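Report on the following structure.
Chain nomenclature is as follows: A, B, C and D, assigned in order of appearance, with residue numbering initiated at 1 for each chain independently.
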Amino acid sequence: MSQYILKIDCQDEKGLIYRVADAVFKYKLNIVKNDEFVDKEHGKFFMRAELSGEINKNEFLGTLEAVLPNGANIYIRLKDKKNIVLMATKESHVLGDILLKHFRGELNANILAVISNYDDLKELVQKFEIPFFCASHENLSREEHEKMVLEILAKFNLDFIVLAKYMRILSNSFVEQYKEKIINIHHSFLPAFIGANPYRQAYERGVKIIGATAHFVNNNLDEGPIIAQDVITVNHEFDWKDMQRAGRNVEKVVLSTALDLALEDRIFVHKNKTVIF
Amino acid sequence: MSQYILKIDCQDEKGLIYRVADAVFKYKLNIVKNDEFVDKEHGKFFMRAELSGEINKNEFLGTLEAVLPNGANIYIRLKDKKNIVLMATKESHVLGDILLKHFRGELNANILAVISNYDDLKELVQKFEIPFFCASHENLSREEHEKMVLEILAKFNLDFIVLAKYMRILSNSFVEQYKEKIINIHHSFLPAFIGANPYRQAYERGVKIIGATAHFVNNNLDEGPIIAQDVITVNHEFDWKDMQRAGRNVEKVVLSTALDLALEDRIFVHKNKTVIF
Amino acid sequence: MSQYILKIDCQDEKGLIYRVADAVFKYKLNIVKNDEFVDKEHGKFFMRAELSGEINKNEFLGTLEAVLPNGANIYIRLKDKKNIVLMATKESHVLGDILLKHFRGELNANILAVISNYDDLKELVQKFEIPFFCASHENLSREEHEKMVLEILAKFNLDFIVLAKYMRILSNSFVEQYKEKIINIHHSFLPAFIGANPYRQAYERGVKIIGATAHFVNNNLDEGPIIAQDVITVNHEFDWKDMQRAGRNVEKVVLSTALDLALEDRIFVHKNKTVIF
Amino acid sequence: MSQYILKIDCQDEKGLIYRVADAVFKYKLNIVKNDEFVDKEHGKFFMRAELSGEINKNEFLGTLEAVLPNGANIYIRLKDKKNIVLMATKESHVLGDILLKHFRGELNANILAVISNYDDLKELVQKFEIPFFCASHENLSREEHEKMVLEILAKFNLDFIVLAKYMRILSNSFVEQYKEKIINIHHSFLPAFIGANPYRQAYERGVKIIGATAHFVNNNLDEGPIIAQDVITVNHEFDWKDMQRAGRNVEKVVLSTALDLALEDRIFVHKNKTVIF
């Protein structure tokens, strides 16, 4: 039997669960897992189900469209591996963590390529037999550099771009082309310490807890919808380099967690926030 | 409009969500919140919904019984305040925390009484104008003492008994009379350090993290279904009294969390475990 | 034997520990606990010791002054209870937690008074037989209101003022009079969500973790030296009122922790940061 | 200037800090960092200092021995890289994490070899150009197998053996040969769930938090001195394989933390507990 993911978000109305459950029942599908949420502030209904059975996808989609409110977003997909491209700069802790997870068969994705603006990571990436592309930004304008990166990306039929410590800011036009498809790890507990060198900022402020945040990238730097966050405690003995060192474990765990959620189609984005089942 | 809680647990079958949603729809009820879970190991379906609307409770119950598998547990209740009795011994940090929460109107319960085997807590309890019963165990057998406590409890129509650091072990026959109604806070991260003086045990073992566990009381000491747990870090500078002191904050927060879950009918007990929505 | 706390901070130099240990040894004092830290960035030495024995305090101070660098801050105090005044507005969860801890004899302080700009908390405070002063701000300028509060404070020989959810901003001149003596609890994970209604801000931003921060109050709102922080996880089901409710446990625990540290003379303030032993 | 680590543990006496500081001062050493702790229950003094300067090690040791109580353990060592051997079985998440950290130059150790009882990990280890030894236990008694492993270990001048998910129990005689040199990661929050398959045990017990524990190996399985622990929350949706999957991140972070502490000579073992500075 095939396994499907069904995601619906639409205007909230009475009877939505009944209508969906009715359709699911008629198609003789089994509901393996089901989650719903109503955002009362915005009158919005979210639902994600894991279904098993056999369907004609378009027919089932048509049935759901007929019973759901106008403008409903309906997403049906076979539960399979996603395709991702990783982007990084020089640091290897987050990238290496994903490569290792992929190597041991625990990442629900194919890594199509790694793109970096330096070649420092080439050796590591090639150990794992993943195609590595160096797209140096040297002597290039941001526009020229992004054009080069976009040309590499265009080669791939990808589901997500994962910024595994890619230290360059993406332009709005770049982001627009991969809306809700770019996942970034920011090395602070957002919204604290937006921008450059958050560990130095955290040190200067004298915080007792530092963290990391995985989020979708949107047009505003470090302000996209948050997917996952975690923290660790620090104290006065930590200078900012100690914080950076300690923070690496959180960074890799948080990005890994967020990536798993994305790969399993568990995230909805709504009003710059995420609903996660 | 009235607010209801509906809880169902039964053998899992195809179409359960559809059948319940159908009944809810026919009674023109609005689903405010809905959660489901299937325990695949045991083929068991759990569902909890918050509904708004007007129903004849028995009629609605009948409708559900007709469409659900034999042996289904169906619980429908108006979303209202529960009645609880607190039991304690000498320590006031957990008891006081609940009394304060009740005093500021944030506890979704009426505190009918506090029962203790000492009178140390009388002064505190009376400050909050809650009836205080001292049932001393001195010179009494366990059986005689429990009889005295049970007679006090029998005065009240109660939903839950909360053991807020009640330091006596309850007999099986006591527990049987209040099955899944007695919530205890154990001052360790269960199943570590069962039994007496867990902080001393934790100190002797040299652990780096200590915790607290709220659980339903069953026939086996400290082995009932776990509702909530939390931990804090300690280090070599903590002797067992320091651990005890530090642990008090965790104890009160964990019991408070577990009690809120119980008062909102969010807990199912199944096979000595809890399913919590 | 008497117990003393010795705190030293001064310019770092070779031989400081030797010189202090030499003095301690000559006065036949026993070192019960000793902590040091050197802030390398600023070339600053911090030391805190718990000593037992008998000394002439001024003589011992003179001995230390003679061997330590010019400008050294030396603090010697008998290990005894501090005197504190609490200030609050309407919310009782943090205030009540401190009152309870004091009531059960676990707070290392005498609570001299509670001052509020409303009288909502009067009933609670009086249950615990602590003097309550209502200093309403109604129809008063900030200056007039603070004058009234300062007159009440002037009655007391206090070590610390604890803002237990006091919801008014203190002027620079007020703060100057109690430098490093005012401890506040801010209901966010600073520096995120400075200012009004941090829970609403956190909800709007869609964070997955919220927190609380205890800090000394300085001239810049929510920017004083941080003493303690803690966090809890939230998800898309929390609206801002749910966050506020959940945050109360963190607020009271974080302030309680910070207050204990202050009462035990464990905090140094330096360059808007804290060194905590 | 050279950097040294000085570790002392001995019976507690008045004047110990003075005596050590005096010696350090006479040798014109600079104290970069200094920590002390007195275990009052056992009357035991612990001290660790980071010193910079130039010394004749034996001479300095003699000076310290002369002023410290009989039986004092004094350890002086240049602050340099340690030598370690890793042992593993089939799982690669913990091993891979250490290999990656070593590869990026952040592990304060040379990895001399990886030994496994299977050859599943060979490919991964060889990617990082570390010698890999397969010592299969098939058709061998425990004694014979350990003899083979010990012969491999004997080739190396090692500081620590790191059990990175080595799934065989070591005999007492093996452990005796590397006393306080073998660091293990146990995939539960010890002392809960000692022995085989702790995730299954945790699932059966219905805990809401799972964890991992790094500890020195002693003669009693899973009962050695604990170095580091950490936890993550789980809920009823986790079956034991989900717990295992989620636990991997904690396992690798906890072992990495414990290993760093060992490599920096920050751990004392005393009475089956650790003192960690």
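Following the convention adopted for this analysis, contacts are C-beta pairs under 8 Å (C-beta built on N, C-alpha and C of every residue); 3 or more make two chains touch, one makes a residue touch a chain.
In this text, all values refer to a predicted model and were calculated from it rather than measured experimentally.
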Equivalent interface positions on subunit C and subunit D, same or different at half: same
Per Cα centroids, the chain farthest from subunit D: B
Centre distance in Å when subunit C and subunit D are each reduced to the mean of their C-alpha atoms: 37
Length of the line joining the C-alpha centres of subunit A and subunit C, rounded to whole Å: 41
Shared-contact residues (touching 2 or more other chains) in subunit A: none
Footprint of subunit C on subunit B - complex, ascending: 92-93, 96-97, 100-101, 103-104, 106, 124, 127-128, 245, 248-249, 253, 256-257
Subunit B partner contacts - residues on subunit D that touch it in the complex: 37, 39-41, 189-193, 205-209, 211, 225-231, 235-237, 239, 272-276
Contact set on subunit A toward subunit B in their complex: 14-15, 17-18, 21-22, 24-25, 28, 30-36, 38, 233
